[in-house]
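One chain, subunit A, appears in both complexes that follow, with subunit B as partner in the first and subunit C in the second.
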Partner chain A sequence: MRIFYASLSLFLVALLAAHPAQAQPPAPDEPTYRIAKQLNCPTCAGRNLADCPTETCAQWKAEIKTQLDAGKSAEEVLAYFQARFGPTVLQEPPKSGVTAPLWAAPAGAALVFLASVGLVMWRAARRSAATPAPAAAEHNDPFIAELERQVRAGE
Partner chain B sequence: MKGKPLLVASVTSGIVLLAGIFYIALNLVMQQGARPAPGLPAPDFTLRLYPGYRAGLPEEIRLSDLRGNVVVINFWASWCEECHKEAQALENVYRSYKDRGVMVLGIDYLDTEAPALAYLKQYNVTYPNGIDLQQQIARAYRITGVPETFFIDRDGIVREVVVAPLTEAQLRAKIEALIED
Partner chain C sequence: MLTDLGHLSVIFAFIACLYAAVVSWLGAQRNDDRLVQSGRLAALMTFPLVLLGCLGLWFALLTHDFGVKYVANVSSLSTPVFFRITALWGSQEGSILFWCLIMSAFVAAAMVRDWDAAGDKPLLPYVTMTMALVLGFFLFLELFLANAFIRSEFPPQDGRGLNPLLRHPGMIIHPPMLYAGYTGLLVPFAFCVASLATRRSDDLWLRSSRRWTLVGWAFLTAGLLLGARWAHDVLGWGGYWGWDPSENKPLITWLIATPFLHSAMIQEKRGMFKNWNVFLVMLTFASMFFGTAFIRSGLLTSVHAFAASDIGPVFMVALVIILIACAALWMSRLDVLRSERQLDSVFSREGIFLIQNVLFLSTAFTVFIGTIFPILSEALSGTKITVGPPFFDQTTGPQLAALVLLMGVAPLLAWGKSSYAAVGRQMLVPVGVALAVMAALYLTGARQPVPMLLFGLCAYTLAQTLMEYVRGVRARMRSLNESLPVALLRLLERNQRRYGGYLVHLGVVLLAIGVIGKGFYGYDTITTPAVKLNESFTVGDYTFTYRGIRPVPCEFNDCQTVQAMLLVSSARDGRVLDAIFPYRDHYPLQQHTATIPAISGTFNEEVYVILAGWDNNGATASFQVYINPLINWIWIGGIITILGFFVSFWKMPEREPALIRAPRPAGVAAR
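Right after this comes the complex of A and B.
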């Protein structure tokens, strides 16, 4: 039994030691990785280029590295991919053209909302300034309101 | 009563957001044409040919410039394993039929230049090949992947679409049928 537990422990230790090597992610500090993170896989919907293992993405990452090695900046590399494959290749859509409303709509909606809230508050403030303070507490109950009116009028 | 303006503001904001989303969706739909099925005219396009793979044609060619020829349009990519299977067959039929009014056009899809040129060199390709910039041709032809091959007759009408790699015998049979037509 002791041999069994010893073997099991050894196996688990070996497994834990081997695991980090197998699950080693691509180095996030590499310039190629950082640029790939800003691009989409062209063939898998919604997948990031940096994390995609397909042959297409391997080629694209190789292209990024080649261009960086040739002295191009990150912006130039991204511009190359956008020019060749279109704006949909970018993780973040450009803030112009067809996608402009995508960026403008939330800001527009927020502006309309804030303007409306401001208008409501301004009107409420103006109304309270214009209305004289009631002599007594106002009631929503029409009967009590009528009673108070009659008392004030001395009826 | 005080809550009403807030409700109006919320609804207006929602409408502004929905209008933005609708505008984008409409644009995306407008960009998509109908798939050119057999019997329909082949959508015209401009293809920028790779240097060394122009077969005597100018750097940019239009499909309509090839009217009067049988045209075989083949969408491919260097990373596509199935495309490798038919690459040699396409080159062979081009060499056989180029003097009989048949043009083979290779359209490189979602490829980077170096692997694409290596692919063309590997199969000694001589028929015109170019890059589909921003996938405009692929969108016009509504391709669903690669390889896809469109057979177009002398009048510019799509006669057949094949969504699979083709053998040389299949290519020859389809081209012969269009030549004799």
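Right after this comes the complex of A and C.
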């Protein structure tokens, strides 16, 4: 068993370690590209500006470059596009304003769902405190029954 | 001529569906087996009839009959035979017909099964009726709203050719897989309706449809994976998943069908969660319908825009009718769906399954709300707000991580009630493995806490799942004196459902490793300024030398292809590793440009290069480079997941035998 775990750990380390070990790359990074990655493309549905090869997108990218060359910061350029086209132009919808409900919905749903499970469980816990130990789970297969017994006993 | 025969045949199929639905219902009402059998035969006949329709359209595609509008839209004289065959599902009208073909195949398969031997004959008329109604609806769409057989008065000389995006093997197999997935999941829905209609309170419908559910689920999974592969190979955005509405739609259905597979086990084993299972199977069906309505109506822009038309409203009306009918049927049967026992303890397998179910549903809801938000925002504030991948990544990520954790905990818990001490003991070693992996990652230079934690989580679940196999094999080796390979084989063979399921879990963990690797350690960049001929640039560990561009013959004769050549060498020692050829296809007719990436690198680290543009006949060119660590584990995990399905499915009985349940424990009397 120990050998099994040791080899599994080694395997996982070999698998994963190669990547984090490398520092982030000294890439030919480009500010226009970074900003374009955060904007939606007006012509390629569902893609960001940087990944879209169309003519319109080339114009937008040129606009970003012009503004950067004029000395604007990345935030200012993004703010410019948002002011001009509204929040829909951003890849990541803002967490305030019209898109606030969007961000609130999943969190709210997860909370409500988990809370209702919590309620069911709490009631079950109260009930089970009052009842004796439950009957053993039943199985047609004696092998599985044996496994379940082992799991119960923590062998 | 043959094409018109096909058209006629589809009309007959539609009539057969209506007949089957009415006669089956009458047969059930009057308890007349002759009527039931007649309905069954009519439903069975839909498959050959729809097949004949497809053959008719195939004939038109193969003979370049551009008089048929659909043929002129999706093929041209230069379209190769293979793509003329697959063009059957290359656009809206044909794909609905093809969908009908697959659905009718499932209907026919359900009809020919030996209902007497399976012992679920009472369900037959209602199963027939439900399936015939759904298939009939799709045939109605095909005939009246998106008819692929319509002829034009002035046939063009040549057609427009198949959508360039669809010319990929992944795209050829992916739609049939998804259709099969959806229609496979129609079977448990039909059995559920039949069970409610006949006022049954047992789990017969679950056991009878289990094989079908599993098949539907597996097709859906394979369809999702192939779609991801297609996006990776063809769309040229560097990844495998773009949270596009047409990707989200099958994902939502998958996120509902998967908890259903799990909670069905609870009803079979414990007689609990009956209402919940009815709810889940109805939701699965509704999600399929709803998603199709949205994608095909063109309400949401997506890479599937080629399938847009005006059938959306009809779909929505049908969906509302289905929802009301389902709710009414369910509400009128609440009295027969009482749980046979109550939850004994939080800390039990059924308890954790409940948490898992709810987490899956909240994830599905998250994807759903992000997908439809553009429409919601347009209705509420007048502007259509696009929801990009960052939203989905940030909101579904934590929920999916929690699900990976549950995969590593649930198998430890027994049905009924477990003790904390026993479970804690079993967790010790896998937690140790996880800590060891995290420590090793830290020592090798990883510093970001989130991916380290996630990798640790994956290591834990992986160890725990493998542990299940080790435990089972050891138990066999000890008690039956079997050798290791024999014990492993017998373990899979005798308990295929359980160990096939764990194999699926293993596949999912490996897939998660790929997702985390690409998500946290992947990066991409563009060469700026453009690279001059024979000059080099370096990204990460790789140096690329630009060797020029050249026009090459287009694969499909209707495009202009320009290919670039890059030498890839190691940035450390200068050794030449590879030569790669990213290219661009320009389709003048469709006014479409496709950027096809070149892929290189090692198994653990993919290098994905796109030709972004060029100037002066290639004197300079620019490239987009993606480094995708561990992405290959997504495909390997996917293959193992499908393998797990085969282990589960192989030799599975037509109908699961009923479990002999122990009498209810004293003190938990039935209400």
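Note that the second predicted complex is superposed on the first by the 101 of 155 C-alpha atoms of A that agree within 3 Å, B and C clash if a C-alpha of one lies under 4 Å from a C-alpha of the other, contacts with A are read in each partner's own complex, and residues count from 1 in each chain.
Everything below uses one rule, namely that a residue touches a chain if its C-beta (ideal position, glycine included) is under 8 Å from a C-beta of that chain, and two chains touch if they have at least 3 such contacts.
None of these values were measured; they are calculated from a predicted model.
Touched residues of subunit A were counted for both subunit B and subunit C, and C has more of them.
Of the two partner chains placed around the shared chain by superposition, subunit B is the only one that A:P42 touches, whereas subunit C remains out of contact. Contact with subunit B, but none with subunit C, is seen for A:L119 once the two complexes are overlaid on the shared chain.
In the superposition on chain A, contact is made by A:P106 with both subunit B and subunit C.
Residue contacts after overlaying the shared chain place A:R84 against subunit B, while subunit C stays out of touching range. Of the two partner chains, subunit B is the only one that A:T66 touches; subunit C does not reach it. In the superposition on chain A, contact of A:T32 is made with subunit C only, not with subunit B.
When the two complexes are overlaid on their common chain A, residue A:E92 makes contact with subunit C while staying clear of subunit B. When the two complexes are overlaid on their common chain A, residue A:A50 makes contact with subunit C while staying clear of subunit B.
Once chain A of one complex is fitted onto chain A of the other, the partner contacts of A:R127 are limited to subunit C, with no touch recorded for subunit B. Once the two complexes are overlaid on chain A, the subunit A residues touched by subunit B in the first and by subunit C in the second are 54, 86, 98-99, 102, 105-106, 109-110, 113, 116-117, 120, 124.
By the touch criterion stated above, subunit A contacts subunit C in their complex at residues 1, 4-5, 8-9, 12-13, 15-30, 32-33, 40, 45-48, 50-51, 53-54, 86-93, 98-99, 102-103, 105-107, 109-110, 113-114, 116-117, 120-121, 124-125, 127-128, 130-141, 143-144, 146-148, 150-154.
Those residues of subunit C that touch subunit A in the complex are listed here as 236-238, 242-245, 269, 301-303, 305, 342-346, 351, 354-355, 358-359, 361-362, 365-366, 369-370, 373, 377, 380-381, 383-391, 395-396, 399, 412-419, 421-426, 429, 432-433, 436-437, 440-441, 444-448, 451-452, 455, 459, 462-463, 466, 470-472, 475-476, 479, 494-495, 498, 513, 517, 521, 523, 525-528, 537-541, 584, 593, 595, 604-605, 612-613, 624-625, 627, 629-630, 633, 657, 659-663, 665-668.
Chain contact summary for the complex, subunit B toward subunit A: residues 2, 5-6, 8-10, 12-14, 16-17, 19-21, 23-24, 27-28, 77-79, 110-115, 131, 133-135. Listing the residues of subunit A that touch subunit B in their complex gives 42-43, 54-56, 58-60, 62-63, 66, 83-86, 98-99, 101-102, 104-106, 108-110, 112-113, 115-117, 119-120, 123-124.
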